[in-house]
Amino acid sequence: MASALDLAVANLVSPMVLFFVLGLVATLARSDLSIPEAIAKAMSLYLMMAIGFKGGASVAQPGLDAKLGLAILAGIILSAAIPLVAFRLLMLTSTLPRVDAAAVAAHYGSISIVTFLAATQALEISGIKFEGYMVAVAAAMETPAIIAALWLARTGESRMDSMTVREVMLNGSIVMLVGSFLIGIATGADGLKVIAAFIIDPFKGILCLFLLDMGIIAGRGLREGRKNLTLPIILFGLYMPLIGGALGALASWLVGLSLGSTALMITLAASASYIAVPAALRLALPEARPAIYLPLSLGVTFPFNLTLGIPLYVAVAAALH
Amino acid sequence: MASALDLAVANLVSPMVLFFVLGLVATLARSDLSIPEAIAKAMSLYLMMAIGFKGGASVAQPGLDAKLGLAILAGIILSAAIPLVAFRLLMLTSTLPRVDAAAVAAHYGSISIVTFLAATQALEISGIKFEGYMVAVAAAMETPAIIAALWLARTGESRMDSMTVREVMLNGSIVMLVGSFLIGIATGADGLKVIAAFIIDPFKGILCLFLLDMGIIAGRGLREGRKNLTLPIILFGLYMPLIGGALGALASWLVGLSLGSTALMITLAASASYIAVPAALRLALPEARPAIYLPLSLGVTFPFNLTLGIPLYVAVAAALH
Amino acid sequence: MASALDLAVANLVSPMVLFFVLGLVATLARSDLSIPEAIAKAMSLYLMMAIGFKGGASVAQPGLDAKLGLAILAGIILSAAIPLVAFRLLMLTSTLPRVDAAAVAAHYGSISIVTFLAATQALEISGIKFEGYMVAVAAAMETPAIIAALWLARTGESRMDSMTVREVMLNGSIVMLVGSFLIGIATGADGLKVIAAFIIDPFKGILCLFLLDMGIIAGRGLREGRKNLTLPIILFGLYMPLIGGALGALASWLVGLSLGSTALMITLAASASYIAVPAALRLALPEARPAIYLPLSLGVTFPFNLTLGIPLYVAVAAALH
Amino acid sequence: MKTHPKKRIDIMVEVPLMQRVINLLDQQGIGGYTVLPVLAGRGKDGAWHRDGVVGRAGALVMIFCILDETRVDEVLEPLFALVSRQIGIVTVSDVQVIRPDHF
Amino acid sequence: MKTHPKKRIDIMVEVPLMQRVINLLDQQGIGGYTVLPVLAGRGKDGAWHRDGVVGRAGALVMIFCILDETRVDEVLEPLFALVSRQIGIVTVSDVQVIRPDHF
Amino acid sequence: MKTHPKKRIDIMVEVPLMQRVINLLDQQGIGGYTVLPVLAGRGKDGAWHRDGVVGRAGALVMIFCILDETRVDEVLEPLFALVSRQIGIVTVSDVQVIRPDHF
């Protein structure tokens, strides 16, 4: 496992992680360092565009892997199944009311694209390839968890009406990700050449800046969270990724994904949403407290995955191949 | 005309057009996908800077084409003449009140820089050169149409006072375009080398993102517009570019422009403003309803030019040479 | 001194300076050209990140110059000493009340990072190397001047409480600069390679856009300032950089800095703050009028340094070696 | 200059709810509304800040509408039903307008 | 704490008109004004949204100024003449201030 | 619908002062507050504009809080002590709320 250790270290001292730490530390030290909302939104759109387009362009390559369908199916099942596990664990270990437990569970079934991005970078460092369609898998995993969680919450007055469904399915991030993926497929390698200088060259640098912002938000989450996050909940934020990741590993093994795609599938399963799910739950499950699930996902699980989780998931994927 | 068809197809499946379509479709599907105002403004400034600087730097090359002056003159005449045609057609075919007809006419005399940019990309694809001074022509065509339209509106209380004139002439976009053009001339190829990695390499990618935003705005325009745009007006938004373009072709032929510059002159004549003119008319002709001219220019004419118009204009230019 | 003249000219017709002039002229002509706040903030963060990271990465190179400590010490002393000189001069030559004189003095002890950046570009043009640790010197010079000025102001009720100190030390810009510097040291040349396409390639272009914004702000400052800036104060804004620069030259000579670092040290000493100091003084010395020190620093001293000062400082540094 | 008394309803609501509030105002046939950006805030549900927030959740906007006193209740009742379970606040105040027909 | 009654005029106006309104307030010798950003809105002239808008047209800002009751009409009359043909609304309301001299 | 009278305090304050005002409101045990962005303005200390401003100085924000009449003075006095030397203004006005317990 030496190489795994190397990767772990390489990951920890990568500019991406260090800029995340910078944002986190600065915020905990109460610096006023912050990224304007408009810039954060633009960077997020940029990352969706880049990862989606690249994924699509590589799928467009001759010899499309037949596993695409299976992988997406596996992703959907994971997204819907993980909340059931998470919910049970929370009801057992914490004193969270049912509705909050269901809300938190939804986040862990869904995914975090930035964690996914960080994992692709780690794979690059180790020179491991992965299938472009994993982007589609990521998109497919965003929402099923929400349905599962609403069912778990079993509140008569849940507001998952047609309008909400449409808003969740068509939230800006997903549309940008899927749209860019399709455009990538349509224009292929030529299209990629056209805009490579925009979506490939500066990609890593923008990811650093975005992670700086994530660090700032995580720091705010931790500061706010202190009041609401009890020890059992914090622990859940640390071991749940491992459980989700294990299920992701199992699924990848069943589908027979490549080493790189396995690592990404584990990462997706282990990551927790902080964009699509919170927005959906404010509409569909307003009683659930954002003050619980936002700091937990942003302040505990995201940092864990970014620093320790990803190298571990890559190592596990390697061990499975 | 096979090559024209090829170009038409190549244009339709170019990332730029596809991202425009993505924004349009997402908005019509009521997705909340949107680009923050600050980012849209910044991208617009960036595009002005890039196109202006590149144009200036190429003009700075030895052997400045003597046609510069003639081309600008032709542009000014086109900008002032097209509204007269447009106005008559609207008065004949639609039930628009005089003041609205004049306002719409102004937009078609003036120009859309983004349409111009898209045309330069189409020329690049087909490997057709064009003169850098066409940027100056574009700038010169922005405002004459407004004067013509105010004269057409003949409202006693038009507010085209000195302050308004200054504001129209010095609106941020024009200043950025002309200023960058002059800086490009002053610093020439060396200056271009200095900032090429900023204004050339990522240019196409940023144009894609900007067109995504244009698609979103066009979609909003169409949704809003439905109420106010009658069939005659919508048709006008489709055939007027062809008439304007024809006049542009005639002018180019008289001036004896090169193939590429002819295509751009046709595009300029065919395009409709949505920045300089609306702002000016809100000051000088407040009775004219933005709810008519904005959706028409953004939701009908811009998409038409971007998708079908440009390849056609290039083909016509080719046929003339 | 021919080469100095050449540099002066080369500097004046560089895109950076010309875009600054564009912003200045446009604003004085009352154009509405403006850069959204969010973009200005993002560009400023970007510049801090780029200059900090590059500095750190170069420091990480084997053979760290032992002069780092001495240079930082010299910077701190300069930052604290220059305000004393500036204050005396203002009390002698102007009718400014004590508190305003102290506030202005603080700005000239502290530094302007953008002036520093422009100087590094001028050095590049002339192919002169400089030590990466000068970034750390710049950071170290930001705040001592504030302490000195508060002592000069001698107002019983100065509010330099612990909270203010923390806010000044941890203001976003400094944290970004120092943080990126440290990350640059940690990741070294490899880290730089990872994000070079983001922080090096487009750097000059973004600097141009940022200087355009500085020109706009300087123009606003001049328009606002007319009312409050008397001739003695304006003159101070022109000769004080020279005095500060002279002290910087002396310090560099004592420390034995290289040619490039000497030019940068002179520039830092000659430059006046417009970010860290104003924010600190609004907290610690609210009686001091921003309407005096902001236009003076932004509208008089910054343009002087950018256009004439920097080439002069490089020439002086060359003369000293 | 003659002015006419109207009411101003200020609605602080979570961004995800915004469209629903707007739809409600439209259904009630209100003459118009305006949406103001909000930077940050604190309430019983904790503090939040707009900077850096990527998603739509966790941030609020302010929607206000000027309307006739007689219409206030028509709006407040369905509005309250919509936002009572959400984060946010609603206030009503008095304003004077010049063109009463406009509202 | 002793407070003093003043009036607050809120002016929603199109961005292209903003400078003119400000000039008018300056000419009237008003103590000051504040401009607030506006995100979106709907009125009889249709709906608009700030996002993505590149030009200055089609978006509005809010300008408010606090002033003495006695000065309200001096401002309202020329203001009305300026904006009556434009998109936008004007409201007047009561506020209390601590430093009456300031306004 | 039954509404209850409360007071709204609007505080225009320089960005560098914002955190202190917020801390003060927290210390006073106020139910909550909201921060609104401000674009530009003019007062006796001159004009300013948010665009392009890089640093935190030279720009203002608006903080408002809804609270019970009985608490207004508890807030105004320390607030005035804090901002009296700064650039900015404070106003108080009447509002009605639906959920009095909230404030």
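Quick notes on this one:
We call the chains A, B, C, D, E and F, going by the order they appear; numbering starts again at 1 in every chain.
By our rule, a contact is a pair of C-beta atoms (placed from the backbone, for glycine too) under 8 Å apart; a residue touches a chain by one contact, two chains touch by 3 or more.
Note that the structure is predicted; figures quoted are calculated from it, not measured.
In summary, the chains found to touch both subunit A and subunit F are C, D. A rotation of 120 degrees, rounded to a multiple of 5, brings the CA atoms of subunit E into register with those of subunit F.
Most remote from subunit F, judged by the distance between CA-atom centroids, is B.
Farthest from subunit A, judged by the mean position of CA atoms in each chain, is E.
Computed from the mean C-alpha positions, the centre of subunit A lies at a distance of 41 Å from the centre of subunit B.
Note: centroid distance subunit C to subunit F, computed from Cα atoms, is 34 Å.
Between subunit D and subunit E the centroid-to-centroid distance comes to 19 Å (mean Cα coordinates, whole Å).
Shared interface positions of subunit B, i.e. residues touching 2 or more other chains, are given as 32, 34-39, 41, 167, 171, 201-202. Of all residues in subunit D, those that touch two or more other chains are 19, 36-37, 56, 93-94. Contact between chains, as defined at the top, is found for A-B, A-C, A-D, B-C, B-E, C-F, D-E, D-F, E-F. Taken together, the subunit C residues at the contact with subunit F in this complex read 34-37, 40-41, 44, 163, 167, 171, 173, 213, 216-217, 220, 224, 227-228, 274-276, 278-283, 286-287, 289-291, 294.
The part of subunit A that touches subunit C in the complex is made up of residues 13-15, 18-19, 22, 26, 29-39, 201-206, 208-209. Against subunit B, in their complex, subunit E makes its touches with residues 14-17, 19-20, 45-47, 49-59, 85-87.
The touching residues of subunit F, when paired with subunit E in their complex, are 10, 12, 36-44, 60, 62, 72-73, 76-77, 80, 89-94.
Residue ranges of subunit F in contact with subunit D, taken from their complex: 1, 3, 6, 8, 22, 26, 31-37, 61, 66, 93-99, 102-103.
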